[in-house]
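In the two complexes that follow, subunit A is the common piece, with subunit B as its partner first and subunit C second.
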Partner chain A sequence: MKKYFSDLVTGAKSLVAGFIVTFKALLSPVVTVQYPREKLPVGKGYRGHPILILEDDTGRPKCIACGSCMRLCPSQCITVQGEKKEGDKRKYPTVFQVDFTRCSLCGTCSEVCPVAALEYSDVYGLAGFTREEFQYDLLADLPGLVETGFKPVSAD
Partner chain B sequence: MDILSNIPPHLFRMIIAVAVVLGFVFANATVMGYLERKLAGRFQRRLGPMEVGWHGILQMPVDGIKLIAKQLIVPDNVAGILFYVAPLIAMSPVALPFLVIPFAPGLQVIDLDVGAIFVLTMISFNTVAVFLAGWSSNNNYAMIGAMRAVAQNIAYEIPILLSVLAIGLMTNTFSMKGIIEAQKSIWFIIVQPAAFIMMFICSIAETNRAPFDLPEAESELTAGFHTEYSGIAFSLFMIAEYTYMFVNCCLVATLFLGGWKGIPLPFGDYSSCIWFFAKVYFLMFVIVWCRWTFPRVRFDQLMNFAWKYLIPFSLVNLLITAILVKLL
Partner chain C sequence: MTPQAVSKPIHYRYFINMGPQHPSTHGVLRLVVGLYGEYVLSLEPVIGYGHRMQELMAERRPWPAFLPNTARMDYACGLPHQHCYLLAIEKMLGIAVAQRGEYLRVITTEINRIVSHLLWLGANLLDLGAFTPILYCFDDRENFLDILEDVTGSRLTHCWYRAGGVLNDVPADFADRLRAVIKRMYGRFEIYKNLVTDNIIFQKRTKDIGIITPDLARRYGATGPVLRGSGIAYDIRKSMPYSIYPQLDFDIPVGEQGDCFDRYIVHIEEMRQSLRIIEQCIDRLPEGEVRTKLPKKMTLPPGDCTFSVEGARGEVTYYLVGDGSDVPYRLKVRAPCFSNLSLLPELCEDMLLADMIATMGSLDLVIPEVDR
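Here is the complex of A and B:
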């Protein structure tokens, strides 16, 4: 009999406590963002698709077309070709393609690059209707970069 | 009633009354649907619908159009006509309680001697609809939902009636107007707090709202009794649910919160319906608040609560009321 009434009292107390919790939530500010219109900044370690880092002064890729990334990529999705043109001090890439459908964002390519010329963008939500849309030519404009105003920064 | 009686032909008045009531039923469902989703959002610290119209204000009309436009899928081997009749049974009696609800001294169609009982009777029609829907759907989930609805409604009808009876003992009448008049000096929520709380809890259970929404418990029974209903049939159930919620709150407001009584207003015979609606929508807000606060109870907990707590307590309450009424 004692339990019967103590159950009632604890039950009633917990109900009131629950009401207070939700009422406080009702009065506190909203914590979600209206996604397509508002976006949260992307966290620091985020990996979007690979991008080439440009030289600050010349604006040309830092990449020396050594081919290390191409050889070490476990998914074999990088294609690099380069040549030393007349008047240039070094080789520059002429072809730099990433098959993003196969890239596992493992990080190997940017790690092995001797001149730190590869980084990852902060573009997310990449979507497309065909596979071809994910054959990225890193020397051309990449999807999302212009829209998000992403500026490649040299890795330190 | 006075406004309406100036229009001569009787039929004309009836048509207007039906149109007004049906319009109100749909408007109430729209507003409550919107408020429910908005409040659900705010209780969970998000915004709720925001896309259609200013702050999502057109979301419910658009949803309604979507539901009307949707195909009505009828599974094989449903129990024929009953399957089609169930949503109509849920929907059609909702207009009747409006006949006796006194929105204001001048805004009541007819003052039945047994007004409160009449409202309760109409509300219980919902159980029949739920049971028919579940039984005719040829679906195990729907069937279990229907069984639960019936068991739950039987259990929770008793404390409601006992609480209403306690009020009846004090007022000597079940007429809605008479009960409000009896609260001239003091609202019955102060005299009968236990009856108020029990009746309010039971009316949540009676309308199958969370935390007592076992007949449509999504996590166990997909959608319970309306699993097999789509399109407009489904929305009829939803509209009926919101209307029963409204009617229940009207009853509680009339019995315990003094109905239209409040600060006197000019043209009080009609304008005091503002107080009535304020009280009713406040109660509806509390019901929504409950829904987003408490997790769904288990079926045994539900039954235990009704048979071990609500019914004995309402009996004791009735007994004390009877003794006090006799002595005083």
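Here is the complex of A and C:
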């Protein structure tokens, strides 16, 4: 009987100790970010979908269409074709497509690129209604922020 | 707590399907539960809803291309999986790992362990009906994830380790930020003690519930906090030391009798030990290259190789067979959750349904790792 009441007291004390914790949290500053209304800056190493980097002087893609990224992509979602046109010093890509529905954002493509022509964008929160919206043509939408077909959810 | 139900004829039993979409199965796990009233007479886990043929995928592509997959097995704690895969590869190819890279690997693995334990802590308490603690857990978890995100580039599916080290060096303010977060985390244990450990409702729900005897744990090959909760100090980091763990000073927390409460204590203590490991690693972090230079294409020699590391849930083992090409001939993954789940049917016989939920939560199951 005595144990019953002592248990009751220690139990009640433990609950009060818990309430003190939550009450302190009530008075401490808010840490939650109200996401669609306020946004945090994207992290430095964030991996979004791949984008092509342009040459500074000519404004044409740095890509030499060697196809390393296409071969090593674990999801096989990159298609690259290129040709050397008359008057060019090297090959330029004619087709550069990324199937974003399959991309796992692993970063292998930009890592293996011998001329550092691929980078990550910092676009996030992409959503769409059809699969076709995520067939990105990186050449058509240079420098990579795709404007056609879809808008990021976060863009309001 | 043996119910009289056991002596009743079997046709008193009725079945319910718990899952595959049930909030407290933490993934696509289906449990076929035979009940008599509220007592569990039989329980059968049905797995495979998340099967993605990860092992077969590894046998169809060059070994570097499998690296992103390793984090997809255990989504809560992916870095130990990647660590294990690469250590197996490096053992097979005889690659020397850059010292700084190895230290960074251990630091991030331990951060990942803390992140995973915090997620478990919140989710397990949510199963028990306590909503508040998960908000505190996610607050802490967020601090660690922010650091991991800046380093590895993603929050969950990390792919940062490479053969011979890590992909890139850490930001300059890495150590200072990490020290600040660790200092804060040490202070948070007091909050968890007041909010959870001492709480009378939590104790009544977990003490003497779901007792895993050392014998039961050994028979099913349970590892990780499940085994250590039963009082067996088995941790790969100590019993089969790998990487730089032999040079580090840390303890293996063990429970006393193996109930849900002991497993909770082990998880909390492990977080403390991980913080200790990270602190030591930051202090000793050597300068230099983070990755050794390697030839572009490396083929796996004929032969096999196995490697085990301690993941957040137990022993992770990768068994690799090479045949002279750069595509592995066979890859077998031993995931700890599969063994830990397999002891659930025997453990939960004659148990109340609510206690079964508490027990299952305390096993820290990640279903994609079971299914693979």
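The rule is simple: the second predicted complex is superposed on the first by the 124 of 156 C-alpha atoms of A that agree within 3 Å, B and C clash if a C-alpha of one lies under 4 Å from a C-alpha of the other, contacts with A are read in each partner's own complex, and residues count from 1 in each chain.
Everything that follows uses one rule, which is that a contact is a pair of C-beta atoms (placed from the backbone, for glycine too) under 8 Å apart; a residue touches a chain by one contact, two chains touch by 3 or more.
Because the structure is a prediction, the values reported are computed rather than measured.
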| item | value |
| --- | --- |
| Clash-or-fit label for the pair subunit B, subunit C on subunit A | fit |
| Which superposed partner A:Val30 touches (first subunit B, second subunit C, both, neither) | first |
| Touching partner for A:Gly18 - first (subunit B), second (subunit C), both, neither | both |
| Partner chain(s) touched by A:Ala127 [first = subunit B, second = subunit C, both, neither] | neither |
| Touched partner set for A:Tyr46, first subunit B, second subunit C, both or neither | second |
| First (subunit B), second (subunit C), both or neither touched by A:Ser104 | second |
| Touching partner for A:Val9 - first (subunit B), second (subunit C), both, neither | neither |
| Subunit B versus subunit C as contact partner of A:Leu72, first or second or both or neither | second |
| Overlay on chain A, subunit C to subunit B nearest C-alpha distance, Å | 5 |
| Subunit A positions touched by subunit B in one structure and by subunit C in the second | 15, 18, 21-22, 25, 31 |
| Subunit C residues within the subunit A interface of the complex | 61-62, 64-69, 72, 132, 136, 139, 142, 146, 149-154, 157, 159, 167-168, 171, 191, 194-195, 198-201 |
| In the complex, subunit A residues that touch subunit C | 7, 10-12, 14-15, 17-18, 20-22, 25, 31, 43-47, 72-74, 104-108, 111, 120 |
| Residues of subunit B defined as touching subunit A within the complex | 39, 42-47, 50, 289, 292-294, 308-309 |
| Complex contacts: residues of subunit A adjacent to subunit B | 4, 8, 15, 18-19, 21-23, 25-26, 28-32, 34 |
